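The chains carry the letters A, B, C, D, E and F, assigned in the order they are written, with residues numbered from 1 in each.
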Amino acid sequence: MTTIRVINPNTTVSMTAAIGACAAAVAGPEAVVEAVSPVAGPVSLESQVDDALAVPGMLARVAEGEAAGVDGYVIACFGDPGLAAARELAAGPVVGIAEAAMRTAAYLGRRFSIVTTLARTVPHIEELAVSYGLERQCAGVHASGIAVVDLETDPLAREKIAEFAEAALVADRSDVIVLGCAGMTEFTAWLAERLGVPVVDGVAAATATVAGLLRQGLRTSKRGEFAVPGAKPFTGTLAAIEPRALLAR
Amino acid sequence: MTTIRVINPNTTVSMTAAIGACAAAVAGPEAVVEAVSPVAGPVSLESQVDDALAVPGMLARVAEGEAAGVDGYVIACFGDPGLAAARELAAGPVVGIAEAAMRTAAYLGRRFSIVTTLARTVPHIEELAVSYGLERQCAGVHASGIAVVDLETDPLAREKIAEFAEAALVADRSDVIVLGCAGMTEFTAWLAERLGVPVVDGVAAATATVAGLLRQGLRTSKRGEFAVPGAKPFTGTLAAIEPRALLAR
Amino acid sequence: MTTIRVINPNTTVSMTAAIGACAAAVAGPEAVVEAVSPVAGPVSLESQVDDALAVPGMLARVAEGEAAGVDGYVIACFGDPGLAAARELAAGPVVGIAEAAMRTAAYLGRRFSIVTTLARTVPHIEELAVSYGLERQCAGVHASGIAVVDLETDPLAREKIAEFAEAALVADRSDVIVLGCAGMTEFTAWLAERLGVPVVDGVAAATATVAGLLRQGLRTSKRGEFAVPGAKPFTGTLAAIEPRALLAR
Amino acid sequence: MTTIRVINPNTTVSMTAAIGACAAAVAGPEAVVEAVSPVAGPVSLESQVDDALAVPGMLARVAEGEAAGVDGYVIACFGDPGLAAARELAAGPVVGIAEAAMRTAAYLGRRFSIVTTLARTVPHIEELAVSYGLERQCAGVHASGIAVVDLETDPLAREKIAEFAEAALVADRSDVIVLGCAGMTEFTAWLAERLGVPVVDGVAAATATVAGLLRQGLRTSKRGEFAVPGAKPFTGTLAAIEPRALLAR
Amino acid sequence: MTTIRVINPNTTVSMTAAIGACAAAVAGPEAVVEAVSPVAGPVSLESQVDDALAVPGMLARVAEGEAAGVDGYVIACFGDPGLAAARELAAGPVVGIAEAAMRTAAYLGRRFSIVTTLARTVPHIEELAVSYGLERQCAGVHASGIAVVDLETDPLAREKIAEFAEAALVADRSDVIVLGCAGMTEFTAWLAERLGVPVVDGVAAATATVAGLLRQGLRTSKRGEFAVPGAKPFTGTLAAIEPRALLAR
Amino acid sequence: MTTIRVINPNTTVSMTAAIGACAAAVAGPEAVVEAVSPVAGPVSLESQVDDALAVPGMLARVAEGEAAGVDGYVIACFGDPGLAAARELAAGPVVGIAEAAMRTAAYLGRRFSIVTTLARTVPHIEELAVSYGLERQCAGVHASGIAVVDLETDPLAREKIAEFAEAALVADRSDVIVLGCAGMTEFTAWLAERLGVPVVDGVAAATATVAGLLRQGLRTSKRGEFAVPGAKPFTGTLAAIEPRALLAR
């Protein structure tokens, strides 16, 4: 058995539970999923400031996981915050849900559309598509205007997302939908049924990817950029959760 | 249980068996792997002519698989021959080993090097990297000069591949090795041990990817380009293996 | 005198004749055009499956041409099927109509629009534009919804194409029209008159290009990728038209 | 008079002083420079983990600056950590030294070479060049192997940097050198004299850029992505330096 | 004190005066601005022919400036005509207003829109954005239909530009406006107030950039492409203004 | 009969004659070639200043050609100086030798190497390859160090070029050579024989291209950017050769 730690980088515990359930459903019989939130951070991530503040507590969860023998990690926020830093700390594979969702969509059709939450997150998602080499396949990123925390509570959220997705398929001439927020994970099957096209949820995609990497025996390369960085003199309030201090315990 | 059909597009049966064994090792307990060769074609694929002649017989195996209820497919030649055509025929996912290997390598490090067989295949592999959006991550494609059929019989093949891979890691400043031929699948674990970096075998990567897609319930989008094309009047010698005729049976 | 073989990769003989007439009109007094269809294949090419099934019979026509001393080849289908494979077989130049049409359009204006047949062919044409390095110049690919075989029989086809082209010039802010199917070759002059902009027909563009290459004494490079591949053991139904067997005769 | 706050994201105070002196020398008579370190973080930034841990304390310095009426900011680490987050918080312009150095170099020659510290930082710098659209102009990124903290203490550091830069000019066929670490700022004039080509120091480049933006009355756009994000419920150890809490004071 | 020569490449003297005033306002207390027109050329530049005819007289002004000890140059036409040639002649920095405006805009937001004069200039501006590596940040180039010489005389010009800019911000999902003609320089402050986003004027941006380069002691690299080219035998009417003859005086 | 005017943008008359002979050899029996030099300009073009000074006199030759009924134009300098401006003036097609050579090479192999004259011209040629979308196919640009005027007089020039080309084929892993200067046109056949790969001369490639465009009835699009620009008030020494004045005669 292998252990996959799915880290929801925000501190909304109900969302962490939903993400964990979704991940467990695709991890396969050989993997155990544990879903956690950071030790510190905001209730949702909808800006670069939010991302920056969530990452240290998320990295602490990786360091803690290393000490506990975790085999692989999913970072369950569509901005892929702290992904490269987490790769430095982990021996096993670390996969972000935006990269996994986009690469997964590329196996299923020629072009995909992403439906996300607030308009201010769109440029960062477009930048990720460029960084991952998928800007030609990513035909459009569409903001629904629904905030992350409202996805769970707004009874019309699912319906609104469906309408944005249907319009995106036509406007973008695309054939796959990617859900651009971990908080949408529970809508996936309903949307796929409704839309008649593949709907990729990043949490499922990243978890299945980590499970597959583990079955292949593949881990993060420690040659070069992602080698574990040495500990350093450190000043101030973050010392208590500094991940290399946690690693060294 | 799901069924994954791994199609070795060449007609060397011993290679088909080795590929099937490799795929079965990573497909997970919920999937059955069946490995097949095309109904017609050359013993190895090392040119665009070889690819063109292998594809019709490979597509016949997809059409036949559809009739038999196969859930997903792997195309096990590093040129990804006939991949888009196979996606048109299949309801489930179809994954090529070059695209799967390159996308898998992108999760493990910043840059990967590909070690392949003959020099004449290098430009096509580079073109695939561009097409998949991975030209920045693909730091180099290196020909070992070993022909596909000699991989099985040359006792020094494995050692030569290792030497090319070691040189590539330095010259390309890369941190992951991708094996650029399905015939190298049996060298993977030995090479990873020898080199100390992740070594990605496309057969394993593609099989794990298809298994993961199936667990997520994801299939090829039939909206647009990959819809099943209608049958057409057809002239000549290929009529017996024309896949739409096979589909219609 | 030089001989240019124009291969219509589908088996609709009336279309082959029209293509041949168009090619002959631009080949110049020093070249003889011969137009042929493959020895086997579908009546039209509108999917990746169609392309895959047409290529072996098309390659047989190249091999046959080599034996007969043909000087250069045009592949007269806008998907450029089998182009790289044909270059491996031929000593002289081989030009596809999509690549010739796009490169020709780039001499005449800043941006061109392509008008083609069915929507499902659009993504492949866009992929060709990327592959040829012309994605910035290719301002849009527009499907008219007219099937290849209806171009000859639908009396309104020409008019519909004109309307799509006019709309494309405005929507794409383009200044040249490219006809995205060999079956439109007879509409070229009428459309140019009607639209007031250059209208590039791929059959004419490719034939003029081959004729020009022959006058310069330029042939396909046999250094590396496009060297003639050696013959190989071959299994099954395609053996009768395997091009290297034909070459060796 | 305008105030430019130059933030050295590491907590090595002697380096902060040197950076401040360099910035003051180019800010012009109309601007006052104040150089600060984060309220918390590591002594140097040489990994993605380092960057992630430095950013919250750096953002606190931005929030504090906003309260104090600072007009513009420089982020003085060549990885441009937290740049987008800082732009969300600041009303005025925020410039990173990597982006400023690369864009400045592009005015002076056709291609530039970057000389930096440790090899593990090279891929991130290359990624920044892609993100800023300067991958064609950035002809090479070269690691000197000298750690950030040794730049101040190793008496041979300057000479070694010069040798790497000279080799880079030849190997990369470049005509401008960019110094890839804020800790090299004091070497700039000596290197320019020694090498006979323009040598761009990011601290100077970013400070001059901010000063120039301020003279033009240009500030960060608050339309869309960089609007100030609202405060949120926040858990844990970072609450004391959460920048929106500081902003709201 | 340093001297910055701002060359308006057209021969409309009133525009030269306005450009000079704008440049002087941002050059800072340490720089003197002198604004000049070419010794020969058309009254406005709105085609490639115009650009070609303006450049020799503009280069003569550079050569003359070198003889007079000018420290740096701005080329004040949004097509950046003759920029590379001017760099060959000048010892100090030379900056074009299109490149400076686009790079400046990239510090202020994620995407910018350009509002320019006639439609025929749009493709060249788009080509410049590609050449400078800013095609992703340049979200759209919009022609107002107002000719250069009418910018000064049409009382509605300013209002029309504002309307195009407002529409562009929405259509392009952009957050910064770039003025695509030196003749719009006087509208900048009014537009910024009206639109509520940063408005970048190339004349100001380029002048501030040159001033900043001079404060850093940075000059054009003379290693390679931009070395001063030697004089040559020369035929015909341009001999009187051949810049190397002027340089040699 | 059609008339193709081949303009050698430099004023070395012996080179003009050689270029004319080369062009005539490939223009075909239906076209007459006339080779001319500009009415004014330098003896060779080896810098951006040279290009800028040659263009007005070259455009005068286009305007003069229009008055005389010339059908198409070749601009016979590998920097393609003034190409867009010439397209504005001409009704028929205008082709530069760099664009024609690179596009022609792309039909013959996967990657080409360019051998040119002085090192300082290399960056501009690389920029042209990017602008034409051929940066992937252009595997290298190599300076031989031989000045343009020495190509005719140095008895070893041909041999040196051959050595550079042979080395380039290996270093660049390319399969086609492109001659990067019109002054090398007479070496083409000898080099092709010597090297055993296709050698593309831009003068021949551009002339064959123009002849082919004329046979297709294709002319420069006058919709948008390349419409003939209206005449304008004009100041100074170039008035006598201002092309629109010549056009209007």
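One rule holds in what follows: a residue touches a chain if its C-beta (ideal position, glycine included) is under 8 Å from a C-beta of that chain, and two chains touch if they have at least 3 such contacts.
Everything numeric in this text was worked out from a predicted model, so none of it was measured.
Asks: Which chains contact both chain E and chain F?
Replies: Of all the chains present, those in contact with both chain E and chain F are C, D.
Asks: Enter the minimum step count from chain B to chain E; a value of 1 means the two chains touch.
Replies: The least step count works out to 2.
Asks: If we define chain centres by averaging CA atoms, which chain lands farthest from chain D? Would you check?
Replies: It is C.
Asks: Measuring centre to centre with C-alpha atoms, which chain is farthest from chain B?
Replies: With centres defined by C-alpha atoms, farthest from chain B sits E.
Asks: What is the size of the turn, to the nearest 5°, that moves the C-alpha atoms of chain A onto the matching ones in chain E?
Replies: Rounded to the nearest 5 degrees, it is 120.
Asks: From the mean C-alpha coordinate of chain B to that of chain F, what's the distance rounded to whole Å?
Replies: For chain B versus chain F, the centre distance works out to 44 Å.
Asks: Centroid from C-alpha atoms only, then distance chain D to chain E, rounded to Å. What do you get?
Replies: Taking the mean C-alpha position of each chain, the two centres sit 28 Å apart.
Asks: With chain centres taken as the means of their Cα atoms, state the distance from chain A to chain F in Å.
Replies: Roughly 53 Å, centre to centre.
Asks: Indicate the residues of chain F shared as contacts by at least two other chains.
Replies: In chain F, the residues touching two or more other chains are 110, 122-123, 130, 136, 173, 224-225.
Asks: Give the pairs of chains that touch; include all such pairs.
Replies: Pairs of chains that touch one another: A-B, A-C, A-D, A-E, B-C, B-D, B-F, C-E, C-F, D-E, D-F, E-F.
Asks: Of all residues in chain F, which touch chain B in the complex?
Replies: Going through chain F, the ones touching chain B are 110-111, 136, 173.
Asks: Which chain B residues qualify as touching chain A in the complex?
Replies: Chain B residues touching chain A: 26, 28-30, 93, 95, 99, 103-104, 106-110, 132-137, 169, 173, 175-176, 189, 192, 196-198, 200-201, 204-205, 208-209, 211-213, 215-221, 223-226.
Asks: Any idea which chain B residues touch chain C in the complex?
Replies: Residues in contact with chain C: 11, 38-44, 46-53, 55-57, 59, 82, 84-85, 87-89, 119-120, 122-124, 127, 130-131, 224-225, 227, 229, 232-244.
Asks: Going by the contact rule set out above, which residues of chain D touch chain B in the complex?
Replies: Chain D reaches chain B through residues 122-123, 130.
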